[in-house]
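Same chain, two partners: chain A is paired with chain B first, then with chain C.
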Partner chain A sequence: MGDSSDVIVVGAGVVGAACAYYATRSGLSVTVIDRGPVAGGTTGAGEGNLLVSDKEPGPELELALLSTRLWRELAEPLPLQIEYEAKGGLVVASDPAGMDTLRELARGQEKAGVLAEEIPADRLAELEPHLAPDLAGGFHYPQDAQVQPALAAAHLLRASDARIRLGEEVTGILTATTGEVTGVRTATGTVHAPHVVNATGTWGGELAQRAGTELPVLPRRGFVLVTEPLPRVVRHKVYAADYVRDVASDSAALQTSPVVEGTPAGPVLIGASRERVGFDRTLSVEALRRLAAQATALFPVLAGVRAVRAYAGFRPYLPDHLPAIGRDPRVPGLLHACGHEGAGIGLAPATGALIAGMLSGGPLPLDPAPFSPARFVGGAAP
Partner chain B sequence: MARTPSELVRAEPGPPFEITVDGRAITALPGQSIAAALWCAGVLAWRSTRGGGRPRGAFCGIGQCYDCLATVNGEPNRRACLVPARPGDAITTQEGHGRAGLGV
Partner chain C sequence: MPDSASEPYDLAVIGAGCAGLAGAVTASELGLRVCLLDGSGQVGGQFFRHPAPALGALRPQALHHDWPAFAALRQRLEASDTRRLLGHQVWTVTRGSGELWTVHALSGVDGGAERPVRVHARAVLLATGAYERQLPFPGWTLPGVVAAGGAQAMLKSGLALPGKRIVVAGSGPLLLAVASSLAAAGAQVPAIVEASGYLRYVTHARALVANPRKVLQGAVHGASLLRHRVRPHSRSAVTAAHGTDRVEAVTVSRLDQDWRPVPGTGRRISCDALAVGHGLVPQIELATGLGCATRRTPDGTHALVLDGRQETSVPGVWAAGETGGVGGWELARVEGELAGRAVAFRLRGVLVDPARVRELRRRRDRMRAFADAMAVAHAPRPGWTHWLDDDTDVCRCEEVTARRVREAAAELGARDARTVKLLTRAGMGWCQGRMCAAAVACLAAGGGDEGVPPSPERRPLAVPVPLGLLGSPAGADEAGADEAGINEAGADE
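Moving on to the complex of A and B:
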């Protein structure tokens, strides 16, 4: 039958692309379906960060460390347009108490294999000449990197050799009378496969529902402020210690902490805001005002340049801040690969490698138990 | 005889004044954008691109494409098609992003 393959990946964002890439490389035939374009959701709304620095020791950091290695490998065969930059991260503290927090975080991370170097206040200018002069110090994380996320997803998808169906919405999951997945129904027909991977990111709960199961993915909105093109004024991904706290928080209210980085194209990207307001795209002047104020406090030079635009995206938030990667316990043949919150670009390769291993029965690169979607069954979410 | 846009709309502009392009004096009319004044003086390019150093001037003319960026009175990245010309304005050809001094 023409419209059948071994695996259907729903979602053409970076996670779907990585699942397709590693699944085809393990010998499976893959069809990728998305109701929009490639990178049309959260992938296209991020900064493309591949970070280990913002993660506390634990399963997510393990996933990030594996991903960091895999991205470095992927940067070889993929074209230069993905703008892979091993630029490193610099986390700064404004006072000695903030430095103590960073030291403690770094100590734990180093045990897990993260490289982190303490930078005393008087050496910060060597790394970032435009940084505000009154900071207490910081930590340099050489493993942090960046890609242009939409191009990275697109080239990963192209390199996967998967069949790609865009602009086609999956309206239902087909199952046999015994309950196993047999494919998907779309707006224009059916596609058959014994495995369906839910890589729909922030919309993962909606697809789960269409499959007769559930996943508590919620949107966590973020804005990015974009400056006019500049020469290199910011060398690393630079962010304040508060960012780590914001990432880990469960608050629904607006939180902002400065995250500043340059891009090969010239514009400086300024984040990061977090708030849970549903899928509301309304521009928040308050969020942008705070982003601008915090970024110019960190890099006073930015006060003299123009912000030319802003964009919003919805991070796929799961209540325990871990992605759902693995088989759905209720629907045989359905696997989830979503809920990576703000770290989806970074965590995509390891997620794809795990999903491919589960599908092909090959060895898994790390223990997937902490990411099992089964943790949400029966309202027993941790 | 060729008709000009100002004739077509029966414009009666006030007295002309001078602005400079890379130090050379040209004439502008009240109400003209900098891009219009430059065009009238036969200047079609006033910026070079960041990557290839190729010449750029007005393209869309309505503030959308950002091709006509110029350095005006020392401030880079002004859209010449939107900024009205004022007496004594100094327009300088912009090299790339016009912010080379900030690079580290």
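Moving on to the complex of A and C:
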């Protein structure tokens, strides 16, 4: 049952797939292992947003801008089935005060290289004809895009040429007497490699523990409502100004802000709720009620449209809202690539490129210091 | 109740078929305040489906050998003060504050004036029945190909036959009943095609002998089929339906032990309709949404795990009838009564009649053993996937072909129905996979029994809900026990 490669990536979600893709492209041999199927965790529960618009200036926005470029490159060789759409985002405000907040955010983002265009109230209908008529205005972000996340992960993984072992749980990390990683133990055997990448998303803390270290990843639950298939009534990703505030908040209580978008297949997806309740999948009628009420307030035409499905996902949340990308300070050979909260699809390529650079010793596309897992060691965490 | 002026019910019963009716009248007669909800405008469920009063049918019992049993239950319901919320589709059940459950329903779905209704109760009895399992084959989406149970339901509702010359095919005891009703209603039934060998019952002979009534029913159907010259084909399947605008003929092939078609055995039978079904699947999404434990049944479906008193693994949530494993209306009635008694004892300490309960349990266990024997005999064998060609639509809502499902499993890393759904949209359409989930799960597992066993479907919304209603504020729509006696949607005759 022995098997060896240069790198083992644990996790076949979109981040694991991107790590495998860029690592094999730097000449490394890679084995991807997951206890479930491809995209079986948070990737399969996501909407596939590739956003710069919801990020305040700082390291995460840098990562998102790099990812935006990389997704555009990836969409070329990858088949059309990943449903890449450079649809653009539209953030709307209900009152002048909300508009001021958006202006301030956009000014900062523009300095970092984000394209943002102010849309006065009377021009909103040109972008989104079905929006409620009484909004104060908004900002258009042409760089925002979307993919179908499960397809994106599956095709990225296939294009990586990595060896793939699905349905096989990693039960332990193998180390030499000197402490360096030498591989992993799974339910059915061992796989050897001098490097192990923890791309297990919301379950990243669990794998860290099996390796004898720690990573404070927690689940932050979100519900998505899916409507019956519709002709294109929503053209962009449309969300309210409150969304930016909710994304950045630390609250454990239920928060909802409307995020509405159409899909090429027809259904409209409605998010986004956030609450810290562990891995509880129980339907929250209150969360759905708020999502439905807020979405129909933005798009009154949706009131008569039926939701046919709802599902929960668990965003991998780290206390400072930044992902952990880089070497573990305690276990040599172990790297983390998890904790992207609700932005894992968007941030996956940049994460993969960084990890591949660290593994191959090649140049890094941006400064990884803010994402270092070492920030959680010795009470340094905020 | 803290957030409403209305008193909660003791028991909310979801589903007004045999199980739900028996549970509701039993609990009500033992002094409980009961609310009975059903999506249909009438009580009776699938088995005792009957024409709407407006059709003026003189003898709704004509298609029912066991009508008196249903009439008795209905009479007891009318004599009780059970609140009937008919025409109410339940979309989810949630655990509220304290020991209360909230049943979320939509009323007026068919009439246009939809509104949300919430019912609070101290206990819930899930009696939501089952739906039919379909295994696709080339041509199964042609007009004229109908569900076997659906064809019978149409007849019972006083509506038309699906055709004049109808082949009945699939697997399971329902086929005999369907063929016999279609023939009795005047259709020509040139063939009844059963995939299993009926002989497999013999290995479970003890369960059969213990159920003489079931054997008798089979004999009655058998005699009726002989009289109507219906030709039985066992170990055979319809492996293709032919036609351009509508089915004109089917190919019937012999099957081997694993249900693979035996080459060279295909025979064409002309017909203008095909009624097809492969048994029933327990409808348990409300229960799985509450976290109730499930078990694999011998024929590969998922049913609820129930204790001797019909309670699920979630205290306060009971189930009866097909939700605990498909077993027919008599078993459903017995389980409904057992559940009603158990709830009355739990909530009110109403002393049970020990002799009656012993008798009910004896009957239940006997009928369950029989149902399990039937399930073993009719369980689909993995070779059925050889009926499919690559271009057969497996998911008809989203038009996903067998080729795409196989590619998702073989090349893209899907190992279960859920991932196939994510990668192909199979099961994402209007029916939410009720039609194709069984087939997709088999194909995802590579056609064999190996691979990941399909998990019970999670459908947090049991029925589609308009966003405008989903978003309406809580508290405006309570249906309380203090209004008992006012029966909504009084379409029940």
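Annotations
Here, the second predicted complex is superposed on the first by the 380 of 382 C-alpha atoms of A that agree within 3 Å, B and C clash if a C-alpha of one lies under 4 Å from a C-alpha of the other, contacts with A are read in each partner's own complex, and residues count from 1 in each chain.
To be clear about the criterion, a residue touches a chain if its C-beta (ideal position, glycine included) is under 8 Å from a C-beta of that chain, and two chains touch if they have at least 3 such contacts.
All values reported here derive from a predicted model rather than from experimental measurement.
Considered on the superposed chain A, chain B and chain C are sterically incompatible, since they clash. In the superposed model, A:R306 lies in contact with both chain B and chain C. Of the two partner chains placed around the shared chain by superposition, chain C is the only one that A:A292 touches, whereas chain B remains out of contact. Of the two partner chains placed by the overlay, only chain C lies in contact with A:G167; chain B stays clear of it. Within the superposed three-chain model, A:H130 lies in touch with chain B and out of touch with chain C [touch as defined at top]. Which of chain B and chain C touches more residues of chain A is settled by the count: it is C. Contacts of A:G40 after superposition: chain C is touched, whereas chain B is not reached. In the superposition on chain A, A:R232 makes contact with chain B only, while chain C stays out of contact range. Superposing on chain A, the segment of chain C with clashing C-alpha atoms against chain B, chosen from 4-12, 22-30 or 58-66, turns out to be 58-66. In the three-chain superposition model, chain A touches both chain B and chain C at residues 228-229, 305-306, 308.
The touching residues of chain A, when paired with chain C in their complex, are 12, 36-40, 44, 150-151, 154-155, 157-158, 164, 166-167, 225-229, 265, 267, 270, 281-283, 285-286, 288-296, 302-312. Of all residues in chain A, only 128-130, 228-233, 235, 266, 301, 305-306, 308 touch chain B in the complex they form. Against chain A, in their complex, chain B makes its touches with residues 50, 66, 77, 97, 99-100, 102-104.
Across the interface of their complex, chain A is touched by residues 92, 94-95, 102, 104, 289-291, 398, 408, 411-416, 418-419, 422-423, 425, 428-430, 432, 452, 458-461, 464-468, 470-474 of chain C.
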